[in-house]
Amino acid sequence: MLEDLKEKVLEANLALVKYELVTLTWGNVSGIDRNENLMVIKPSGVDYDTMTLDDLVVVNLEGKVVEGNRRPSSDTPTHVELYKSFTSIGGITHSHSQYATIFAQACKEIPCLGTTHADHFHGTVPVTKFLTEDEVNSNYELNTGKVILDRFNNLDPDAMPGVLVAGHAPFTWGKTPMDSVKNNLILERIAKMAILSLQLNPNLKNLPEYISNKHYQRKHGPNAYYGQKK
Amino acid sequence: MLEDLKEKVLEANLALVKYELVTLTWGNVSGIDRNENLMVIKPSGVDYDTMTLDDLVVVNLEGKVVEGNRRPSSDTPTHVELYKSFTSIGGITHSHSQYATIFAQACKEIPCLGTTHADHFHGTVPVTKFLTEDEVNSNYELNTGKVILDRFNNLDPDAMPGVLVAGHAPFTWGKTPMDSVKNNLILERIAKMAILSLQLNPNLKNLPEYISNKHYQRKHGPNAYYGQKK
Amino acid sequence: MLEDLKEKVLEANLALVKYELVTLTWGNVSGIDRNENLMVIKPSGVDYDTMTLDDLVVVNLEGKVVEGNRRPSSDTPTHVELYKSFTSIGGITHSHSQYATIFAQACKEIPCLGTTHADHFHGTVPVTKFLTEDEVNSNYELNTGKVILDRFNNLDPDAMPGVLVAGHAPFTWGKTPMDSVKNNLILERIAKMAILSLQLNPNLKNLPEYISNKHYQRKHGPNAYYGQKK
Amino acid sequence: MLEDLKEKVLEANLALVKYELVTLTWGNVSGIDRNENLMVIKPSGVDYDTMTLDDLVVVNLEGKVVEGNRRPSSDTPTHVELYKSFTSIGGITHSHSQYATIFAQACKEIPCLGTTHADHFHGTVPVTKFLTEDEVNSNYELNTGKVILDRFNNLDPDAMPGVLVAGHAPFTWGKTPMDSVKNNLILERIAKMAILSLQLNPNLKNLPEYISNKHYQRKHGPNAYYGQKK
């Protein structure tokens, strides 16, 4: 069942380790089959070292396990919620990568300070509000998805492929599971460079918009000319 | 003698290297057999590269060597003191991991600034008082244990599996030797993220308690649902 | 065609990975054959893991592809512009290495604070101006080259083998492709040490000029005595 | 000639790479045979990757090459000067390790802020004065040795096995070449922890002297009990 997607989800989860985005069993990547409306996700609390295809769990968009002997990631309801609203995405990554998590903990959005940011995240990387006590005590993970969607009310998830959950950590997404991991890695890099750029120059302003637009369009716009023709 | 425990203690000591928690021969992990009331601990000043099961030392709860040709870690009396009072723990790690040691040197407790912290350490990570000159000059390592116990007067070592010894470095513990190493690694991660979160936002407040409680209970409470069923 | 140069350019591109100067496919190295007036450059957006000699692209000094099935790096016009004016150089590296990029984002020049800097960069590492909106919207990459040349109006590219493009990232160069990578690595090291030296001592002054001159001449002057006789 | 010492010096130079204390060809380690009054030192500007025993250079205490086809490290006269005055030491390391170099550039001594420091460096790690223009222009490397010796007028090189040369970088020493490398690594660790401890707590005071003395004596005094019996 969904063997091809499972392989992509496993490979993407292992890339979290390769890119040093996770500690121990923290973090998880999922992928979705839009025809079947089924997602494949990492099991909860299983070591990356020993994880195999058989450990992955298939879940439907009501969040019910359809296949697999493991409990799915405890963050599964957040993934489901995002897949239901962000209909163009094919993969989601959650990690506690250090510098992105620092911004999440500090409840600071990441301003666009350079072209590295502009190349991949179109504008300021947003932070959600804190969940209320009620939102935490009933359906915490589902409500985590809802506060993300609330924050994206006026944002395009294709142009802004990630978010910082206040006091928690980042979620990123992309066309594929691996793309969502790469966006997690990029977010980590721009977060580190942002905190140190602001320390070096506390009066630093955002990159001029005509430059950030240029860089984003160079990679992602209809006339993108970065990379090879597909 | 205690071959199974020795293997766990060796593996846990080598994990200190794998997780980059030690420099040279610094740091040590022990484990205890609660039936025999005997602990197994790393020898003092021996290279991790060449350490074998035969280098490990068996010590009783009076701190006397029961088996082994090596001198036990000079911190052995601290381990003994903790095992005698924290009766639920099975392993102890001492390291000079960099960011946790920075907090110990700065004599600053680590506030709970995010869910990464809340997932594993239930509340502010405490710092001991400095030992007095008398406490240093007679039975220094035993008294190090005593100032830790003093600081834990009103704290639950199961919910707060680590401490910073003022001017020195962290001790962590857990159900097993490996758990105590993992808690050392987690402490290192949350210490690094805390120092940088505070630099990014000097007015940062603790994570709301209803969120930190939720995260702690999700992993550790009676209704924990993180990870696989045992 | 230019097989020897291609091997050097491939090796230099892979050194970017070895020295941890790149993330994903970011960054590119080129080399020039001054007899043929042809340069060899990395293809755009191709993984370093799978890159082979056949992926490299040969481009002339009008920026036209002369050989190769791949699109050349999108930064090719910047490389061309530098090769045309800096006639003594044989290789160019562009990366988004973290600490050099932090200085570029902060629009701060890197002062010469120690002999590590003085050994390789003779004076303050310059930052360009921001490109204007017009310069961005027509021939962005060519104009990136022009603002670098503008900044080097009174600077010697042999003594100052690199620059920070404002809001963007570093370009470095050298006698060979590999030399340009090594200068990129050195720039990264001195950038990291500069930001932290300034944090440790905010009143820090530049290294006395008689020391920085001595160190530069020791390695690069006519009476250089560092290294082995060639 | 001095084959045993050469092996130790080669191994110690390669440990600089293993411990990530060097970039490119920076840094050098030497060792001395006190019976022959001959030292063995790294050649100047040779890659660590390809260095063999045959590349090492034997130099006498007038700084003259006695054996070897390579130019010795340009810092050879500094090593000679230190060996002549610090008669108990057997090895010297010079590196541009990042955090120690940051303190050297900032011209700040490293205060003893914790037991990690106290275990190995007995007191504040000193910084030299800047060399004068005359000292730089004639016999620069020899005069570098002299300003170190000047700074050690009232210091014991056995208890303080390293120094920061102002605006330059650290030199460390020890009983053997490998001990001098280990002291270089330790200096790097305590430098990093010191800069961040001071950022976390700007009012931080030195570790109480009765604690730093205890830790130093535990490892180095006549009644040292750390490590195994020799």
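Letters A, B, C and D name the chains as they come in the text, with residue numbers starting at 1 for each one.
Just so we're on the same page, a residue touches a chain if its C-beta (ideal position, glycine included) is under 8 Å from a C-beta of that chain, and two chains touch if they have at least 3 such contacts.
Not measured: the values here are computed from a predicted model.
Because chain B and chain D carry the same sequence, their contact can be compared by residue number, and under half of the numbers here are used by both. Ranked by how far their CA centres sit from the centre of chain A, the chains are topped by D. Matching the C-alpha atoms of chain A with those of chain C calls for a turn of 90 degrees, to the nearest 5.
For the pair chain B and chain D, the distance between C-alpha centroids works out to 32 Å.
Annotation: 46 Å between the Cα-based centres of chain A and chain D.
Multi-chain contact residues of chain D, defined as those touching 2 or more other chains: 199. Shown here, the protein chains touch around one cycle, each chain meeting exactly two partners. According to the touch criterion at the top of this document, the contacting chain pairs are A-B, A-C, B-D, C-D. For chain C in complex with chain D, the touching residues are 113-116, 182, 185-186, 189, 192-194, 196-197, 199-201, 204, 207-208, 210-211, 214, 218, 225-229. Of all residues in chain A, those touching chain B in their complex are 23-26, 43-46, 70-71, 74, 96, 98-99, 101-108, 130-131, 133, 136-137, 140, 167-169, 195, 198-199.
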